[in-house]
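In what follows, structures are represented as structure tokens.
Same chain, two partners: subunit A is paired with subunit B first, then with subunit C.
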Partner chain A sequence: MTSDGTAVEHVLADESGVGIPAPPRDPYAAGATPYRLAGRRLRHNYAALVFAALFLLVVILCLLAPVYARYIAHTGPNDQHITEVLNINGKSEDVVSVTGVPIGPTWHSSFFLGADSDGRDLAVRLLYGGRTSLAIGAMATAITIGLATALGLVAGYYRGWADGLISRVLDIVWAYPALLLAIALGVSLATGGITIGPISLSSGSIFVPTLVIGIVYVPYVARPIRGEVLALREREFVEAARALGATNLRIMVREILPNLSSTIVVFVALQLAHSIILEAALSYLGAGVQPPAASWGTLLAAGTPLFTVAPYLTLAPAALLVAACLGVNIFGDGLRDALDPRARVRAGR
Partner chain B sequence: MGRFLLRRLASSVVVLFTVSVLTFLIFEVIPNGNPALRLAGRTATPGNIAAVEKAYGFDKPVYVQYLRTMEQVFTGKIVSYAQNLNVVSQLRQDLPVTASLVLGAAALWIVMGIALGLIAGLHAGGKIDTGITVLNFVGISAPSFVIGYVLIYLFSFKLHVFPSSGYVGLSDPLAWADHLIMPWFSLAVLYTGIYAQVLRATVVDVLHEDHVRTARAKGLTRRRVLVHHVLRTSLIPIVSLSGLDIAAVLGGSAIIIEVVFNLPGIGNYASQSIGALDVPPVLVITMFGAFAVVLFSTITDVIYALLDPRIRVARSA
Partner chain C sequence: MRLNNRLPLVGAVGVSLTAIVAAYCAMGAATSSASPDYAPGGTLQVSMGSPPQSLDPQLGYSSESEEADWLVYTPLVTYAHKSGLAGDSVIPGLASALPTVSDGGLTYTATLRKGLKYSNGVAVKASDFPFTIERALKLGWSGDSFYTTTIAGAAAYQAGKAKTISGISADDATGEVTIHLISPYGAFDNVLAFPSAGLVPSGTAMTALSTSPPPGVGAYMITHVVPNVSFTLEKNPLFASSHIPGIPLGYVNTVQVTIQTNADTEAQDVLNNTSDEFDWGDVLPPAYVAQIDSQAKARYAPETLAATDFFWLNDRRAPFNNILAREAANLAVSRVALQRLASGQITPACYYLPPSIPGSASGPCPLGAPSGNGSFSAASLGSPADIALATNLVKKAGLTGSPVTVWTENRQPFEAFVTYLNSQLNAIGFKSTLKVVSNGVYDPTIGSAKVNPQAGWSEWSQDYPNPGDFYFVFDARSILPENNGNLDNVDDPHIQSTIIRLDKVQSSDLPSVDPQWVALEKYVASKDYQVNFGYEVSPFLLSDRVDFASAVFQPVFGDDWSTFELKAS
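Moving on, here comes the complex of A and B:
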């Protein structure tokens, strides 16, 4: 391994001679901070940037939902138009036919993507639903990553009884079939709110699915981080820091945590996608976001029974959900390549 | 190793106990949870309800109810409130369906994930890598039940290749696989993507490690380096993931896929029981799911230690 992290094969393949490190490939590298370097590498990773843009586009579209609803579609996310008749290219069509089949995409300003079985504008609901899904995803991810990093770090670093305690708690969270818990909570909360001591949750609160999703995934992230910390704490640089008199906290935060950053970044991206998808799963089972509030999950749940007659009711939210998750996943992957110079095989070229 | 297993056994008991208590308390705390209301029927008078409460012991303190229920669980006599059927025999009937679904899907995703991840990692930066990576990300980014519906639409309604629902026992292996291939695939897509990505990343990292350079330098064949030095190290995260994921699917996505494909497994039973707020089956299934997780994670830790001698089981447990 050379000082700038260039791949071994690169050294061996060079004509400059075996054993002599290849010169730094980036002439501007000297003096730049690791994050500057990462930013520079990321700028050359066009796939990551394109998909980051895709994710941002979905986010911006969803943020603009009220504007779209008010000035383009002229209807709200929960406004029903079952009995209305549309005039499309001179032909009049029912928003919802007599047999209960909603209108398909009109590609006009109102009912751009068609209507759902209650005669509500699908495009409007899609954008409003995206706001809910993205908010749940972001909050759940923050909960997961924050808890998992802290727990994994402490457990892996201190080992002994701290590790034992944390690992047992993680075991319980993880052993608990969380989807069952989530469905149970969702079903019972759909009929009324709940108050446990100072915490009170109303039946439609999105904090129920958010909290459940956030906690469910903690063991999945904490275990690998703990494993990595177990290996990192035996490394020479930790020994060196300890010899210099660094405190445990300083070693954890300044020596070990930076070495976890690429793992954490990958998990942030994965978790954001995971959380959005789990929200969809919970809502599909009736345990997530409660109607009439829209989320990508509730839209999918409402669309699937009509899949054979009106597939767009499922495909439209699925497409937006997949686009958002795909965007954040591929960007996260690019970020990982950029942050970890040892894996710069792809980003460096 | 013996001492390690003994400690795991002790902690498993603690985990299962905690899970059962938590489940019991959750159904105590939630609103509309009083099963006597449902048992007494639609037009029950307060007198009826009180009679039911007395008959089932709902008027006793929570810990008495808990102990009574646990006694019934362990003697196999527990009966559901809603249908008045023995929960254990119902579970025994559903288990083969869920086991077929989950283990088949796991085999599929482990094989596909390792194959795709290894190929992508070895060709890192090339066209093959990009193609596989895009596939992985699409798989990671799509909910399993949506994949299920798309598969049903394509292969059942349009092409009429596979049946859209139902289960056939293993006594007819062809029909069994025929009914399960779409559920397997729906479950496996997500994990295939994750495993392939994780393995690809690890392979790229491991390829740059000193022990691989040493192995190559001392003249080992490419194949030997790949299998004994790269793959062995790279499989560690996969092993640690797969044990957990199999168990997680048992108490998670398997429920959804069983509902989508109408498979008469434990997941379907669970979702129906929860819908009816039927505590006994939910309690037993939750404990069963927790037991599966504990069992699989113990197996995982043992394999983990065998694969990576650097991690000493006895100390990390």
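Moving on, here comes the complex of A and C:
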């Protein structure tokens, strides 16, 4: 869209900014804005809607963690009940046995899904861990999208030395596999934290993995955005704005950025899944969320050594992780189909 | 100078024949099978959880290094190859008898056995002993303070102020070695029994020989080392001629050691008989405890080690500079809970000295200063954490909400221990946070005065079975700006004077001062300087191939491979 609300024709651009002929006109297009059209398409994509509901369900369950902990399980996520004995259907059972094996699912309010090896309620930690994982995923996605959009805009709009500098920096980051780079950063920051000017993050802060995940994915989003900006900057509406005396900043923010919005929305959905998975991987390897805080990754790590005697410790967080990521990923795919930036979208006015 | 050629020749033949007969007898005695199902020979497959620090005896200080080196490098004295308390006895090694102590405990004199040879055939000389100690100091053996704080002139040699260690003299002609101490040290026999004092030939390179360790005098020799992957011990064919009573010649021909850092794989391999030994230094994964109980009970024995797990509390920093805070921490911890976190592999405790160490105390711990502000309470081992009383103590001290950071390394069960401590400290009113650091940097981090940590987990595993060794952690002389050995930062005049007095008592006389060590234990407990919570239990788990009945778990060095005999094929 241009700043006056007129939608413009989308032209797919490759890395060099050369335009590629767009697909045929969308049959839904007549008399609707691009987002209304996307909404119509999305409403017919039942798989995307079901998985969006699944993701929302996981989010709501995790948001209700304090309610569950307080009124149902009656224990906090870090409360340990190692030597306590439960009466399950008239039978006494240790929360953690003398040999260190925790109790399995009781299907009662206390220890519904069982306990971990430290005598904590797994269901409570699972929900609190989900809050952490989802929060990190969301914040990291915001960092990635924010940084990538800014860098992609500047590089693609100004080209020249600014593009060269930004692109080479992104290349350097891209040269490292995301997981390895995140582990390296995560391990070093998880030990000593980080202080940059007035900002200080302690080693146990969840903002450490958030920052790490947010940064390592920037090139993966910034480069396609840069490519799209390279194409958009040559469009007539940009020429017109320039001819009317608009400043570069105004052109980028008011003319180009709105035309990137559908791409960004798709990236947000897909990137959220990536960030949640990377958080789990980092925490599993000890480079993400630090104990005693829970996340799906730390729960998986804690459950792995006991897999043969207490498989639920691994399966429960794995199931929620899969549900959340599959949900947001398939919804993201549906959103991409609906907002397909390759489609010719014309306002038809 | 040429005197009478014939006489030495006759003598040499005589000595050689005697040696051959003795060697044959010794070999026959040591390698005859304990059970008809088992036979000497074969290759013992050993899994080791962590690689040895170094197999060079003058560098290796870790338990993994010493486990291998003590079979390869015999010192003047060594430990009996026996299980249980009998294994704590120091016996003559390359010396013909235990050293004689004179000059009020300041001089130790020992004489080498005759006819000793290194595995490369070179004869052992008395002067190899001072060379060996000098090499350990030159290479920077991690336990070098055992030498520099006891042997006269050792510190000067290490500092480069002397070319030799003035306190050691050796006479190659008589084989006599004389050692002068700075001050009497009753456990010096134990210092001489370190594998790092295991003799190596004079002239051995003064550089780390971790991949091609020097020759030694022992049942085995190290033949092939792949750093961090594997190493091989093979029988030393010349050792039989040494005929050292009490030191077995070894049953298996080869010990093949493979580093296996995954404890699950390690346990599974032993249960499947593809490996013969689970590393006693590793913690048995809880998943395998039940399996062992049903499948391998006859080849498994939990061995309580002379090693204490404890939470240290920095006595020089708030809130633990207040005895009430320390007492509260002691009361807030359930030893039984910590035992479960260790999969049952610790024995609950509140006293510091393990039961196998002279001077250990028993019964409920007297918590709270006997003459100070503390309340008087007793921690019985089976009792649950007393959160109410601990919370009251914290309130009474005006420390509610005081920030505390508790430190641990990222290995289980230690991380679980400190996670529990963190939870309990929060439960009694402190504002506690957990700090987990990688196990590679944990010790230097918590030992740094710059970090000045408040509390955390640590353990003390015996260097030798003497209470003085354990009290290193309460010795004010151990307080250092880096690699601090006294993490509690305790500088208590009563403890200090008692340590100095009792350290002079010879190991053989320890029973006479046992009540004094017990009194010191009770005094330390009453001051709540740290939270002792358990003595480590080690898994002695062998494969079906090994004769479990005759295999020795040596209390100082762990699995004694020289006593392992394999099933006859």
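Assorted remarks:
Methods note: the second predicted complex is superposed on the first by the 248 of 349 C-alpha atoms of A that agree within 3 Å, B and C clash if a C-alpha of one lies under 4 Å from a C-alpha of the other, contacts with A are read in each partner's own complex, and residues count from 1 in each chain.
In this text, a contact is a pair of C-beta atoms (placed from the backbone, for glycine too) under 8 Å apart; a residue touches a chain by one contact, two chains touch by 3 or more.
Bear in mind the structure is a predicted one, so any value in this text is a computation, not a measurement.
Contacts of A:308 after superposition on the shared chain: both subunit B and subunit C are touched. Using the contact criterion defined above for the overlaid structures, shared-chain residue A:329 touches subunit B, although it does not reach subunit C. After overlaying the two complexes on the shared chain, residue contacts for A:177 are found with subunit B alone; subunit C is out of touch. By the touch criterion stated above, A:291 is placed in contact with subunit C alone, subunit B being left untouched. With both complexes placed on chain A, subunit A has more residues touched by B than by the other of subunit B and subunit C.
When the shared chain is aligned, no partner comes close enough to touch A:237: not subunit B, not subunit C. In the superposed model, A:80 lies in contact with subunit C only, and not with subunit B.
Within the superposed three-chain model, A:277 lies in touch with subunit B and out of touch with subunit C [touch as defined at top]. The contact surfaces that subunit B and subunit C form on subunit A in the two complexes overlap at residues 187, 191, 307-308.
By the touch rule above, subunit A contacts subunit C in their complex via residues 78-80, 82-83, 94, 96-101, 117-119, 187, 191, 203-204, 286, 290-292, 305-309. Residues 264, 285-287, 289-290, 334, 336-337, 339-344, 384, 410, 412-413, 415-416, 419-420, 422-423, 426, 433-438, 441 of subunit C are the ones that touch subunit A when the two sit in their complex. Within the complex formed with subunit B, the residues of subunit A that make contact are 1, 7-8, 47, 159, 163, 168, 171-172, 174-181, 183-185, 187-189, 191-194, 196, 219-220, 223-224, 227, 230-231, 266, 270, 273, 277, 280-281, 284-285, 300, 304, 307-308, 311, 314, 318, 321-322, 324-326, 329-330, 333, 336, 342-343, 345-346, 349.
On the side of subunit B, the complex with subunit A involves touching residues 11, 14-16, 18-19, 22-23, 26-27, 29-33, 124-125, 129-130, 133, 137-138, 140-146, 149, 152-153, 157, 190, 194, 197, 201, 204-205, 207-208, 210, 212-213, 237, 240, 244, 247-248, 250-253, 255-256, 259, 270-271, 274-275, 277, 282, 285-286, 289-291, 293-294, 297, 310-311, 315-316.
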